[in-house]
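Pasting the structures in now, so scroll down.
Shared between the two complexes below is chain A, which pairs with chain B and chain C, respectively.
Let's look at the complex of A and B:
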């Protein structure tokens, strides 16, 4: 597995003013899934998985998402937004063990 | 013509005849073949081992979920397999009454052909049909005698020596009675046809698949994350106290740049043609002391990590050295060799021409053309199985449904076949890992 917490962000290679930008992001994370004991009952413990995603653009929060459970190993999130000015997109992932993983992408108009 | 001229031309003719005669008796070169049989260093399920169960039934060990049927009676690509192709045979049509309903069921049965893999017939339940062979939707209108149609299915080579249609009866894939039912069904196919409701049902009008987007986008191709994960292997010290990075300085980006463009390559130290995967099976244990078996996750992800460093650079495998030339010729012979229960050659599906498969549909799958290059994006992520496959597993899988026992993943035969295939990619930019269905 690649290094845990690495955030990969993909944006279109050319963006024009007024475009709706589709952002694709991926974070490297094992995303522990619920274990069950022999009786089939879920084992009660603090599972390590990403439970919150925060997206800011030029420091202003534009998206926040809570995930209530482990979605997938190396989870993938995609969303669209319309930037009114050039700037920096920052995506932050938080996990249940206090891990904080950040990635940024610069958006310029061509 | 003067007497002298006549003499000269006769001499020339004789000379050509002699040269041809010599070429005919010349043995194929053994340059580039390992001097002793190659001991496989592949995962147990990738070695093609034949086992005998307690009840005496033979089976071949294959990957999880693959058939374990033993096809030992049919010939393979192995260089020590001198068996000829199954002889053309003929059988007079058994005197049983053909049942068209039964015949249609057999025609569609995935456990048999399915005949629909290559031939279209009417019906909304025919999905998906291929177009490698002729459309049989109105076959009954040809009014061919039952006898002729029976022999055509039993062993088409009776009429067409170079056909790509398997000799279904000769190799026992279909029983004679089953062919009688299929003949009865085919004779019921009469026009006119009702108009097609869905253009995708007919392979001639079906839309070609568009692929899965940018294969080098890590948010799109899970293979990239796996390949980057091999960095931990790159830096891992083995029992010999060394890691890859200790000798190959500067990280993979510097040390491995352009390396993969030369593989498969004849490697002097091991006296055989090797792909990156093959080379790692012996080089990694020999230097770091860590095993790196063919088809293991470690081998595949390290191979991808190495190959990625050559992305965008043109493939340039050696086809000039005597070893490479001889290996290329053997690879070409394998590509055209008919093998297995279906008596198919790679070339049947992957070259263009009448009755050949390239750029046509085999069932729902569009067959690739060898001319376009089949290797520059391997290993790749297969969306249908959710895993990384290298060229070898692809070859092993290709021939399994066609009734051939697979060879070990790191077999010399596969390496030289891969060299032949890679020759079509020479000059084209590498793009690893690919993403395919």
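Let's look at the complex of A and C:
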């Protein structure tokens, strides 16, 4: 699990002004699920999972998400985005153990 | 006073310990209450939250506000049968002009039979151009999955689909 927190972002290779593009992102993360003891009772501990995603474009927040353990391991998210100018898309993931994982993608018009 | 000064180190430690405990409870309380907007920045600890029925979740999130049928406006894309409940792709698209005057403010994904039915909550902005989001869900078993959209004028719309799950993906 050395690569925990690796963020990959995919955007279409050619974007024209006015296009609504589909951004796909993936972060490597275990997203721990609730464990149960022998009696079947859920174990109370600080589970490690991503509980927040923040997407910004040139510093402006365009999307946020509150996520839970009901999201798969190595979470994948996609969303629509209509860039108004060229710039940098940044996706930040925060987990319950203080981890902060970031990825960026540059958007240029062709 | 003498007594306090004499044990200065110990009592300071005790005070700090109490403060630490307070800090922890302050961080976790809003999560338990689930009040929207509290999860800014680091969203708190991953403490075990109580099991919840879907009615209770809806009550907690929307407080009895009417939820209208939005199946004509919401497109919910997911498999009818998911072989593996650990990874169930979902896409939600809501028809909306996405202008500052009228846009989709939030999209909730709720799967009825999970231990904690709310899977994820997305807060959108007009800059997205289209109200479309996708994710991979964990489903504990065959369940209804709802996508609830909250529009900028406060209207709540819901679309629902049943997904058959062969192997559950939630330990919880």
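Quick notes
In the analysis below, the second predicted complex is superposed on the first by the 107 of 110 C-alpha atoms of A that agree within 3 Å, B and C clash if a C-alpha of one lies under 4 Å from a C-alpha of the other, contacts with A are read in each partner's own complex, and residues count from 1 in each chain.
Convention: contacts are C-beta pairs under 8 Å (C-beta built on N, C-alpha and C of every residue); 3 or more make two chains touch, one makes a residue touch a chain.
The structure displayed is predicted, hence computed values, not measured ones.
Annotation: superposed three-chain arrangement on chain A; chain B versus chain C shows no clash, the two fitting side by side. When the two structures are aligned on the shared chain, A:94 is found in touch with chain C, with no touch to chain B. Within the superposed three-chain model, A:104 lies out of touch with both chain B and chain C [touch as defined at top]. When the shared chain is aligned, chain B comes close enough to touch A:8, but chain C does not. Contacts of A:76 after superposition: both chain B and chain C are touched. For the superposed model, the angle subtended at the Cα centre of chain A by chain B and chain C works out to 110 degrees in steps of 10. Partner contacting the larger number of chain A residues, of chain B and chain C: C.
In the superposition on chain A, A:84 contacts chain C only, with no contact to chain B. When the two structures are aligned on the shared chain, A:28 is found in touch with chain B, with no touch to chain C. In the superposition on chain A, contact of A:42 is made with chain C only, not with chain B.
Once both structures are fitted on chain A, no C-alpha atom of chain B lies closer than 8 Å to one of chain C.
Where the contact sets of chain A with chain B and with chain C meet, they give residues 24, 76, 78.
Those residues of chain A whose C-beta lies close enough to touch chain B in the complex are 1-3, 8-10, 24-26, 28, 74, 76, 78.
Residues of chain B that touch chain A in their complex: 217-220, 222, 225-226, 228-229, 231-232. Interface of chain C with chain A (complex): residues 39, 41-48, 51, 86-89, 91, 98, 111, 114-116, 118-125, 127-139, 169-172.
By the touch rule above, chain A contacts chain C in their complex via residues 20, 22, 24, 32-36, 42-49, 51-52, 57, 60-73, 75-82, 84, 94-98.
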